[in-house]
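Structure incoming, see below.
Naming follows writing order (A, B, C and D), and every chain is counted from residue 1.
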Amino acid sequence: MGQWAHHDRTLPARGTESPQGPALSRLLGARLTTFGDGAATLEIDVREELLQQNGFLHGGVLSYAADNALTFAAGTTLGAAVLTGGFSIQYLRPATGRTLAARATVVHTGRRQAVVRCDLRIVGDDGTETLCAVAQGTVLSAQPT
Amino acid sequence: MGQWAHHDRTLPARGTESPQGPALSRLLGARLTTFGDGAATLEIDVREELLQQNGFLHGGVLSYAADNALTFAAGTTLGAAVLTGGFSIQYLRPATGRTLAARATVVHTGRRQAVVRCDLRIVGDDGTETLCAVAQGTVLSAQPT
Amino acid sequence: MGQWAHHDRTLPARGTESPQGPALSRLLGARLTTFGDGAATLEIDVREELLQQNGFLHGGVLSYAADNALTFAAGTTLGAAVLTGGFSIQYLRPATGRTLAARATVVHTGRRQAVVRCDLRIVGDDGTETLCAVAQGTVLSAQPT
Amino acid sequence: MGQWAHHDRTLPARGTESPQGPALSRLLGARLTTFGDGAATLEIDVREELLQQNGFLHGGVLSYAADNALTFAAGTTLGAAVLTGGFSIQYLRPATGRTLAARATVVHTGRRQAVVRCDLRIVGDDGTETLCAVAQGTVLSAQPT
């Protein structure tokens, strides 16, 4: 085990299946909809509890989703034992819609770490997608060779 | 109203009171324990639902707490109408303990924006505090003059 | 004039022309090779003075290039009076080659700010390009309406 | 040697001595004024070539200084063989004065990496110091055990 593992690393058996175990994912209603080949998509359906007082999806939900999507994407190249080092997120516009989709893509992977970018889009009731935040982060392998 | 407000801005009437309204804060059990003079502290009691599978506090909870503490701290200098622009978080070590305390401090505030740092500490059962993540972010005023 | 402008904003008359004035750009040999439509490319030829002791392009040159490319790209959408708020950069691999090309693209622009991503590639002697760092930042308009 | 080392790692024999070798440091006039015990200070005297067109110290100089100060501070705890993973910088106000002082402090160090913060201050002609940017980054050991 690594030294500062904060994240769920119970990677799913199949890409379209939700990760087992992490109660927080269930609490927030997060599901992993794609997983493999250096990419992962985490989706969260918008519901009353996840909004702030103006009716927008709470920023904390966006940062939670970015953090997790980055970690899962890196898991596809580094293996299940990964440690998220950190990330940076910039908010673009208020997120209003039906579903948040955080899609992370590995931009570089080495033996020891992967650097990952994440686009956070909100899917509206009519199916249109709007970019509402972007993130970039680093994930380390928990089993350095 | 600003253009990309993702955050709760129902600032508390008193510094030691929890923000009213945000359902997500209630869902996660977050409370604002200090608020004023360019600083804010958000606390979250550790409970089963907030852990990942190794028994550590989930990284997504840390990023949620950083995001909110930064926003509240900036609210003490910019006023209630603020827009969080983004932040960067680095994880240091696994967070195990009783309570997460995210303390944010404004390092500079202008008319248009504040830059804020946040230390995330976990309070153990014996009361000892351990730094488990650090963050740095930018919050904009929603009412530029 | 804005309040924390650190950057050259003498935008070029033509996209393929080097910015006039900034002595630091001349010192480092930076030239703006594309400029317009939400994007900008800054190129720096690798030379002895810009290497660290292992013969790789110095990280400080990469961060300088990212910072400037982000600022110029935002200038194409926000106008010449911009203030760089900050950025995050992740290094991927050692940069060895002939020319550094920092290409920045605006991912979102509003009235008050633009969020920009930057890919830093090193062009080898054989013309191949290798991604060596990625950055993401925020640039504010110095003339809020 | 590590895989993505962009930085000077010719650490000084004495804390108050400038690093040997790095031509870029000489080009910019950077000197290491303190070095040891988890901290390092890099100073750069302001001169005409380092200003942008409004007479402020160029943002690229600030990011260069942050990057290097972070790396040197981590070298005091991780040893000379370090790889800078990345960093985030936020600009606070225009930097006008006599000397830039970038002081970096390690906030946490493990076997594999250090997380470091940096305050960038400008020293005026009257000796007063003004905070003009803050940074936060990660440095990895190039010799994982």
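As a working rule, contacts are C-beta pairs under 8 Å (C-beta built on N, C-alpha and C of every residue); 3 or more make two chains touch, one makes a residue touch a chain.
This is a predicted model, so every value here is computed, not measured.
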If chain centres are mean C-alpha positions, then the most distant from subunit D is chain A
Inter-chain centre distance, subunit A versus subunit C - centres from mean C-alpha coordinates, in Å:
28
Taking each chain's mean CA coordinate, subunit A and subunit D are separated, in whole Å, by 32
Could you state the distance in Å from the CA-based centre of subunit C to that of subunit D?
20
Two or more other chains in contact with one residue: find those residues in subunit A.
3-4, 85-86, 88, 90, 92-93, 110, 115, 138
Classify the inter-chain contact topology: is it line, ring, star, complete, or other?
complete
Complex interface listing, subunit C residues touching subunit D:
1, 3-10, 21-24, 26-28, 48-54, 56-68, 71, 83-95, 132-133
Subunit A-facing residues of subunit C, complex
88, 90, 92-93, 107-108, 110, 115, 117, 131, 134-138
Subunit A to subunit D touching residues, read off their complex
3-4, 85-86, 88, 110-113, 115, 138, 140, 144
